[in-house]
């Protein structure tokens, strides 16, 4: 299976991108050089900045100090660079404190400015309507979205594997009921369902509860695909002679299930899970985008895109739409990878 | 049950309900196996012969209880000497007997789990029966591999490293792991190349001579059957139509279907081309078998009685059972050796 | 006896009955689900209403609140309310929107046409493009065009519809100075129906339908291509070739015919996705379909309206899936004759 | 029987395969599926091509009609077809060209092992036969229908009108194979290639189909090329036999010579290892050691040498044996016979 996957060039590319994204998510706080939640009324809607690498013929990365002006006619805020003040940008700078992997307290970030606070000087991708650094928010938001996908898939996996396996192994009335339930769930348009469920989340709930509820909601439908897939595999495995051979040795159902059946399905499970992940991520993004999923102060790709809902604003401040790019890339990469995995798992499907 | 009989099947019947909602209207029943009786003797081979759909595979699957029979008895003589009815036991009651009846399958590819090494495959019966000591298991597997003509140092390999014939040997080794008294071989060589078939057939014969195992063989190939069996039972549309000693059945069949089968077997000798007589038409469907004798629409010798009355399973001569109204009067041709 | 009756009505009829029964069951389950969802949020319309009222300076006394509750039946147990609601729905009465203070059926029927138009338009788009592209890719395997089309298909399938529409709107607004967030050009807004108005409407709908169709199209195209490649290797294709048929005639006649089956059956499964997609695209592009109405109703806890919209959408989907099943039975004799 | 043999003695072969080579790309390399095969098919006679799995017999049949699967290609040799208009080399034609398509079905027809999957499951049997008729005659639909029914009657199907309206999966195995034959014969081919036509059938049905093939051939005088792994079937109906092993011919000759005077060690071993109904009960069989190697790992020299009891070290494992004629029309590719016949 590994050999067939590696032959799939696009899938390998997708896989590398996925790994890169998850690495970024693991080190999100390290990569986010500014505190993603810190408001700054003086730095609203700053456009993306250029980092100059050379200063007087010497390698010395720096940005210029921002000067805020208001256009007297249009009353639109303008930012210009004060070329006289260079603010050096340095690697491994000290910034806001955080815990790496939630364990080790530190305040080192990959870059930062020296002399002036990073929060008010460095805006690689600009800032949002509340003056928060978009790059940092993007990194942290990506982490949220990616983990929601992962947790959602885990929930789907547990549900799907158990129900699918039971359905396929025992057949009969159990199978009939589970299949009908799946059929019904699949007939419901997912979005209204999600909207309805998400609208039911009380606005007073904490960010964490909302996070887990949203995860539950997006996996509510996700498990059906996995259960169907697994049921089909288990059913066809039941007719394999090696399963009968094991039964004739006196092996009990549990052994048959775990020694002979589930391992034969792992590649399918992995492939289906990989293909389910991007659906989960885009579902969360869509919900939050509509304002029914995660809400500020939580940060996710959908929450960030929510700020880009107004097309006139986007036209004026195009950098607000930048969260669309990582969303598209991660979803695409997952699909490519999942596709390759599925082909590799079952070259005859 | 005579002392040398190890397995006696009486009136074995398996019906599949085709009806979906449980109400079994009579026409919705598929009579896969219908009142089949035979005995397998110790260290001897009984072959069930028949064309596809005749119920031979279903019959053996009922005997090993891969599915429950609808009715009938399957008496088995255990190592301890007692006789139990396998058809009446539940899963827990069967488990201790599993070691004594093993099976060799037709498809050398689907019968071995591709994800387990040969060691794990052959060791599975041992592990399930409670052997835990790795060295004991390895030694036993090495012995078994040698026994079936494979190199013991290949036990760490996976099935895909072996050819069809070698896989079949692995399957035989697995079946032998718990010293079974009865081995059921379902078309065990028909998926193999001609040049490999002979190796496996000879291996089965050798093992029988050495360990006094009884075989219940299922095959559609009358050539293979002649090489390995002591007794033959011929099945047609779920019923046993004739059973007898191997030599006798080939030389002088008593049932017209047996005769038709023998006449249809191509003989590998261009000098013995035969005026092709084959029974016309094709086997009836077990879903809707003809009334009376199921073979009558294809039978040259059918009389009006055959259409109306179902013939009884009767012992015409000592050891020769047949299900035909006219068996006593017909002179049918067999094959001269 | 029953067996005779069943065989007398024939396999096709039995198949249809079975499907119908499942469909009805699904709709019933959905009605319960919709009703439950509406009941989930803490508080109800009245408490929301009172909260809003007090924000704007109005005051509701406890008696007022209780009377309003009693009027709306909110003081009775949930199952009673469900039965009451379902009974009315069965008689075509969806109740009144509490928020917009208009009959729900009126609100829905205003917007149903456009909703259907967008969803079916997307489906049409998907079909029309997926079929030739799928056949082309299967018959030109390994060509550069096939590779490019496959990659485009991948992108189209992967990128969520709302991102695509957001992007399309941005491009249109920024570079073509067209505001896509309307369904009608300003000059036609209050104009009576005319050819010009219809053309204008269609022009505004092309992009949303295309975006909606793109996702479905790429999915269909990939399924069709995979099925075709599968079928092309089958012995009956070799047989047809051995008869002396031309390659193209061969692919069009045999494998396509068989590969169409999963095609039709996936259309059924795709309908829920299309409906969802059309909702979210409408929300982004502010098309007056049921999408924005549903969102508004949910946010306002306008129970009758939200429940009715969910029920209507789900029913439409179930009906669509039923049609696709029947189509499949008509297409494939194996299903038609063996069921 | 004898008259027929005499009549064809001076006849020209209707199909002649010369040094045919077909390769295909496998995951792990190039498989030489057919590697220099030559034989002739005489009009009115039956050639049995016998061999075990992987010997290349099916690939060869398809290459003759130029319908090999993707990834396979004919890399050399010629297939000469004698038509009324003269002799034509099929290897010189483009696979999807009009001349090649006209040869398919009209000059050379093909019947496969699995009649179930050889018919499209969503078209009726009748529509597929009608299509074959119209491909070759351009007749109207009604005429084609009558012709199709006539062909079905010809191959002995009961109720041909009813069979026409059925789907292949609704028919029994025997009827399917008969319908398949009817479809193959509508073009009135001069050569019928039957690839394992009876392998999927029960033994009584097999006897019926073999009998049918025999009588059809007798009536029309077409040549029959029967591909099978079953020596029994070959013995029953073939006039000439070609034995193949791993893409090469090891021995060919008249059926009687092959069965009663086999020369190649492979043919001999195979014949003596065959379980047969005429053997004594429980007789031990002679065995051939080992298994057929994967065509990708074909042993050098004579491909059979690792399993051959009389292999000559230093020779059989190095040199590819040439063809030696041991009797008129009986030849063998084996080093053992090179010494006896120093040509």
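All chains are identified by letter, namely A, B, C and D, in their written order; residue positions are counted from 1 within each chain.
Here, a contact is a pair of C-beta atoms (placed from the backbone, for glycine too) under 8 Å apart; a residue touches a chain by one contact, two chains touch by 3 or more.
From a predicted model like this one, the values you see are computed outputs, not experimental measurements.
Asker: When you average C-alpha coordinates per chain, which one falls nearest the overall C-alpha average? Tell me, please.
Answerer: C
Asker: Comparing C-D against A-B, which pair counts more contacting C-beta pairs?
Answerer: If we tally the C-beta pairs in contact for A-B and C-D, the bigger total goes to C-D.
Asker: Go ahead and note the Å separation of the Cα centroids belonging to subunit C and subunit D.
Answerer: Centres of subunit C and subunit D (C-alpha means) sit 55 Å apart.
Asker: Taking each chain's centre as its mean C-alpha position, how far apart are subunit B and subunit D in Å?
Answerer: Centre-to-centre distance between subunit B and subunit D: 33 Å.
Asker: Taking the mean of the C-alpha atoms as each chain's centre, how many Å separate subunit A from subunit C?
Answerer: Whole-Å distance between the two chain centres: 26.
Asker: State the interface residues of subunit C toward subunit D in the complex, per the touch definition above.
Answerer: Per the stated touch rule, the residues are 141, 233-236, 238-247, 254, 257-258, 261, 331-334, 337.
Asker: Which residues of subunit C touch subunit A once you look at their complex with the stated criterion?
Answerer: Its residues touching subunit A are 22, 25-26, 29-30, 33-34, 37-38, 40-42, 151, 154-155, 157-160, 162-163, 166-167, 169-170, 173-174, 179-181, 269, 271-273, 275-277, 279-280, 283-284, 294-295, 298-299, 301, 306, 309-310, 313-314, 317-318, 321.
Asker: Please name which positions on subunit A make contact with subunit B in the complex.
Answerer: Residues in contact with subunit B: 240-242, 244-251, 255, 259-260, 263-264.
Asker: For subunit B, which residues count as touching subunit A in their complex?
Answerer: The touching residues are 64, 66, 94-96, 98-99, 101-103, 105-107, 110-116, 121, 124-125, 128-129, 171, 174, 178.
Asker: Contact residues on subunit D for subunit B in the complex?
Answerer: Touch residues, subunit D against subunit B: 52-53, 172-175, 202-208, 210-211, 214, 229-238, 255-256, 259-260, 269-271, 273-289, 291-292, 307.
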